[in-house]
Amino acid sequence: MGLVESGKTPKSLQTLLNMSRKYSLWVYQWGLACCALEMGAAFASPRYDVMRLGVIPLPASPRQADMVVVSGTVTDKMAPAIRRLYEQMPDPKYVISMGSCANCGGPYWDSYSVTKGVDQIIPVDVYVPGCPPRPEALLEGIVMLQERIQNEDMQERWVGEPIVVGS
Amino acid sequence: MSDFLRSYLVVAIFGGVGVALVGAFLGIASLLRPSKPSEQKLMTYESGVNPTGDMWAQANIRYYVFALLFVLFDVEAIFIFPWASRLEALGVFGLVEMAIFVFILLLGLVYAWRKGMLKWV
Amino acid sequence: MTTQIPDLSEQEQLRYISQQAADARVNVEIETEGMTLNLGPQHPATHGTLRIIAKLDGEQVVAAEPVMGYMHRGYEKLAEVRTYPQVTTLVNRIDWVGSFANETPFILAAEKLMEVEAPPRAQYIRTILHEMSRIANVILGIGDMGVQVGAVTPIFFAFRDREYVLNQIEAVTGGRFHPNFDRIGGLKDDLPAGWIQNTKNAMEKVRDFCDQIEELMYGNEIFQARTRGIGIIPKDVGLAYGLSGVNIRGSGVDWDVRRDNMSPGLVYDQVDWKVWTHPDGDSYSRMWVRLQEVREGTKIVDQLLDQIPSGPIMAKVPRIIKVPAGEAYVETENPLGVMGYYVVSKGDLNPYRVKIRSASFNNVSITPWLLKGVYVPDIITILGSLYFILGDIDR
Amino acid sequence: MSDETAVDTVDEADVVAETDEVREATLASLTDEVGDGIVESHIRPNDDIWVRVSRDAWVDTGMALKSMGFGYFSFLSAIDWMPSPFGRDMDSQVDLTLNPPEDEDDDVVMETGVAGGDTRFQVFARVNDIVNNRAITLKADLPDDDLSIATWIPVYSGANWHEREAAEMFGIDFVGHPNLRNLYLPGAFEGNPMRKDFALLSRRIKPWPGIVDVEPMPGEDEEGEDA
Amino acid sequence: MISILSVEIPYWGQTTFRVLGGLAAVLLPAGALVYIYLFKLMSFVQSRLGPMEAGPAGSLQLLAEVGKAFQKEDIFPRKADKLVFAAAPFVVLMSTFLLILVVPFGPDAWFVNLDTGIFFALAVSSVSVIGILMAGWASASKYSLLGGLRAAGQLIAYELPLVLAVMGVVIQAGTLNMQEIVYAQAEGEIFGISGIGNPFIITQFIGFAIFLIAMQAELTQPPFDMPVAESELVSGYMTEYSGIRFLLFFIGEFATAGVFSMIASVLFLGGWWVPGLDPDSNLFNILGPAVLFGKVMLVTFLIFWFRFTYPRFREDQLQKLAWKVLIPLSLVNIVATGILKVVF
Amino acid sequence: MGLVPGMIKGLGVTAKSAIETIFPDGPLKPPSPSKGAVTIQYPHEKEAPAPRARGVIALQEDNCTACMLCARECPDWCIYIEGHKEKAPPRRAGGKPRQKNKLDRFDIDFALCMYCGICVEVCPFDALFWSPEYEFSEPRIADLLHDKSRLAEWMETVPDFESYESGSEAKVRKVPR
């Protein structure tokens, strides 16, 4: 049914489509913990202004989002919700794990209620280190993600889960 | 076909254009987009938790009084249109007539207001 | 002020509710089955991951219950297995918007147990940073309130001018958010050259922001219509729920730990400032007091910057910190309200038990009471005006 | 009424006497109200006051305090005085490998803090009088076999969530609490994390990186560093 | 008046021409609004830059948006009423296309010259609310449902002021035909002073203000964006829509903003005509659309200016505003206009 | 309703802000928003973080004696050190050969690190330094574990210590190069 899954998309069209995905990453207004504020600074602070890169923080609902920044501590109570919200985003979707807590538990690595890393629940495309990463570090992560999108094979992405956890 | 009908044919055509545009968009998209439905993806969104209760719960529509008022007033307003476009011809007589009509309308509004209908119950 | 707090009967509560929902009354004639609406854990209005389960009748809330724990990280337990310096850096992350203020009461409690006192220069710098973190925090709260009532621009202004404050905090502590700068007996480092002047400039920017936001938001009649008379917290109810900070001062209670119960180690008594209160107790008055508090904060910082004494920044403290056995409770007036640490020590490297009395936990505990009978949009403004940080609730 | 049972030896400043009076007076009037309910008390001059009441007098003391002007509810929580069976968790690797605990019995010697009793769990709460700027920390011991205490909600409505938190973290039952469900943790969570015998698994599983020491070269004995 | 289009080109040709023109008239302003105002001007207000990377100064951002939307998965929630869910975007966009019909772009450049033009426009404009209601109800999401209900509640508040505000113009022009309203403004005079004609904004400023407010509400722009109130209802009636269907709503929102501003500029600002030029000159067939576009940008600037500045009303406050202020005011305006019309 | 003043003022605030952004040089000069806005356009230009900023930890390998102090004090247990002892050439000619701890492995897991700076503070030998660099995102989490050569590379980005504000009694330290 889909033109892309069959692998019949011409190369030039694919480049074009990759480019449009690259420059239109609607990101979900959803913060978890401290990093949410630095994410907020990247999104809403005029100094960083993530909209420049085509990352548009308008949607509040996962249905319209292309990307989610997991910004902060993932607790065991929150984990099912994160999984569900990730599932509810339409494909193709991208995940940036921001900060030590989301990467692997961070300061709460020994806590009884914290999930040690969001990549146990959902696949992650880019890990941004920091506690919290400064907004420009998140921007670096976004630029890195955009490069990946530019070079990615749509067919592969469409058909399977393209990013193997921890690969 | 008369000019009158023709002009309404254009209306129909434009309605069709709107539909066709949406159809074309959806058609192109269906060629390009992936489709990977899953149980949770098709679940209704409710802030990340499992939706509780029935989605089509009975809702108490608090503005039904407004709705009634609105219907009344809207019908009255339609009567003003022919008068408005012919005021020049009708002159002072039409003006007085309509002033009375509008006054009655206002009276109705004031009545509703005094009765407390314009409160969001 | 009444010191006697009456038990609120159902009747009295209903009276308050009817006051709150200005001309709203739960309609008894047309009974419909209620709808249960979840706001959160992912919802743009809940500052993160609070979840509010609201039983609705149309758009009116019949009952609302907050569900927390989506950000519970087990601070009190983790503090038991960490040494004092490690706890200091951990507690930064409780109220992540005004981090330095989280360190202060803990350090002061530990200092109280160890019976050391920081040198005057350290006390001044501490107070300055405490106040700057208040400014950074409250500015954001004001901008966020703009988002909650649907105005897009205030939050951008808030983030813009907050950056100037954060820059100064970063210049001295090395962290935009989590300074980890307070030490038992003093501070980690001294001020870098030129910092005082830059901070004064930043305070100027903050004052400009206050004027700007006052015209843009507070003066706006729609904003007033949305917040005036909404979410009224009567004085006595607020006290019984343990509300603190701006939320209680917005109800006309003239109580500020900075002035009334000042703990040694902070030098608020050296400067000339005023505690603002507002008698109404509604959402608007809380936000109004917040704005005044930012202005007052810039004044405090300016005055303190002029008075910083010279001298060392660290008292004589052993390199490996073992706090003598004992119990101490220290509370300070933090951006979100009164924050206190009840530290129990047994003479070890790590505290035996740390009870964190965080402001937002108490502040939010009033919501089931407060959200009865209001409209869905009012949930948002009330939560916005209570201004909590999830980390401060869940810890 | 044993006060000044100096747990810590505070050398008192000269100004103490005056403010001490305030706290002494507070204690005295509380004693008038509650009477036998007060088990023990401690005043740290110029600073704070601790009062331990019997479990049965918990609510009455609250009422009395409230009528005395302590209308502001600060917090309520609990302490587990039993030392952790795992040693200091942070250095557990050191404890277990290098310095194995010599005697099992040594570990369970329980010391309680200020105005403490001799049972394992203690509920404590703090209320303020914001007019006169007084505050008081109230404590009550729970018998080991019956972890329950009456709820404070009728006295201070704000106690609701604090009691839920304490119930969840320590497994204490607050009799009369309308809604003693989990506040923080997911429903399936087992255990009471704030009890000292609740192990933090990550800490026990992960090897402590500080334990790995520099290996000496073969055939050499320890010698000082002269860098 | 005979359209030059109808004389020289056969009917199907004209129709194609009109369809293309209609597409351009709907989509171009929509794109311009989103890029210039929503992305760029809003950013400048907040002292930032807005999209910069996609194309020079971010000018290709919109293409990227559309290209991306094509590739997004299309989700039908399981519990949704699939037919209605799918039909809602059609209804919304169709109403926009019906609305553009009556707008004249020049003395001979129009799609259809209905005698009841403004009446038709007012009637059709409320169709989009039906689309919104459909979307809200069919999504089977509580936020959507509340959003849809709010949209319906909003309709009953602003529709009447909208209709009554237009009435003053109709009285002054003495016609319902949009083209003739333009001519009435071009050839009119204000209290005997002729020369610059009579853009009705001068005599009908109350009507214009009420029309603007009601239009803001019709377009669900802040301060009247309760149906999509982001901080309360996530995305309101659009909550469950993803990918291309969401894009269609998005286009619909801004296209309607453009078309409504066209109607406002025809009614109050003189449409395609500029003072000082002869309205019958053929020049206007070329210049007209540009002039109209300029006026549209002016009106939409106001819309977006309010959008950046104001917080959101509460639903009951809108009702109060509409019923206690706008409706009495507009009724008074009608009577006053009538009196002045008869006297002068 | 008294709606006019406050709402008009608000419009003024937004308009003023927009004009200041678009026309930073005054209204008659050509518009140049990128000058008027406070935005720093990240991939093209970068802001300079404060010299004290805690971005990433750099290791001066020569100074490290593998004393394990940092690894022990780390709240996150994210520093992994291995070492062995070896003979170093004597400092003075003819002296006794010194014994020295040689570092085999010094890894910091930046995915786990909480950037508190305790390790830098407790290091008695000036081997660890903060660098304000922040650009080290990775698509693979394993790459966030920086080994000692990677940590040593950060050393180049470590800024000199700033001088102190007047009235300070602290001494300015030096970064070993």
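Chains: A, B, C, D, E and F, in written order; residue numbering restarts at 1 for each.
One rule holds for everything that comes next: a contact is a pair of C-beta atoms (placed from the backbone, for glycine too) under 8 Å apart; a residue touches a chain by one contact, two chains touch by 3 or more.
All values reported here derive from a predicted model rather than from experimental measurement.
Just count the C-beta contacts per chain pair and the biggest one is B-E. Farthest chain from chain E, judged by C-alpha centroids: D.
Of all the chains shown, the one with its CA centroid nearest the global CA centroid is C. One finds 63 Å separating the Cα centroids of chain B and chain D.
Averaged Cα coordinates give chain E a centre that lies 52 Å from the centre of chain F. Rounded to a whole number, the gap between the C-alpha centres of chain C and chain F is 29 angstrom.
With centres defined as mean CA coordinates, chain D is found 25 Å away from chain C.
Across the assembly, chain F contributes 1, 7, 10, 13-14, 17, 37-39, 41, 49, 53, 75, 77, 114-116 as residues in contact with two or more other chains.
Each of residues 30, 32-36, 41, 43, 45-49, 51, 57, 59, 61, 120 in chain B touches at least two other chains. In chain A, 4, 17, 46-47, 49, 52-53, 60-63, 77, 81, 85, 88, 90-92, 105, 107, 109-113, 131, 134 are the positions where the chain touches two or more neighbouring chains simultaneously.
Of all possible chain pairings, those that touch are A-B, A-C, A-D, A-E, A-F, B-C, B-E, C-D, C-E, C-F, D-F, E-F.
Within the complex formed with chain F, the chain A residues making contact are 46-49, 52-53, 100, 103-107, 109, 117, 119, 124-131, 133-134, 136-137, 139-141, 143-144, 148, 166-167.
Contact residues on chain A toward chain B in their complex (touch as defined above): 1-5, 17, 61-63, 81-85, 87-88, 90-92, 157-159. Chain E contributes residues 39, 43, 46-54, 58, 60-61, 63-75, 143, 230-231, 234-235, 238-243, 246 to its touches with chain A in the complex. Across the interface of their complex, chain F is touched by residues 206, 208-210, 212-217, 220, 223, 225-227 of chain D. Contacts from chain F toward chain D in the complex involve residues 65-66, 68, 71-72, 74, 77-87, 98-101, 125.
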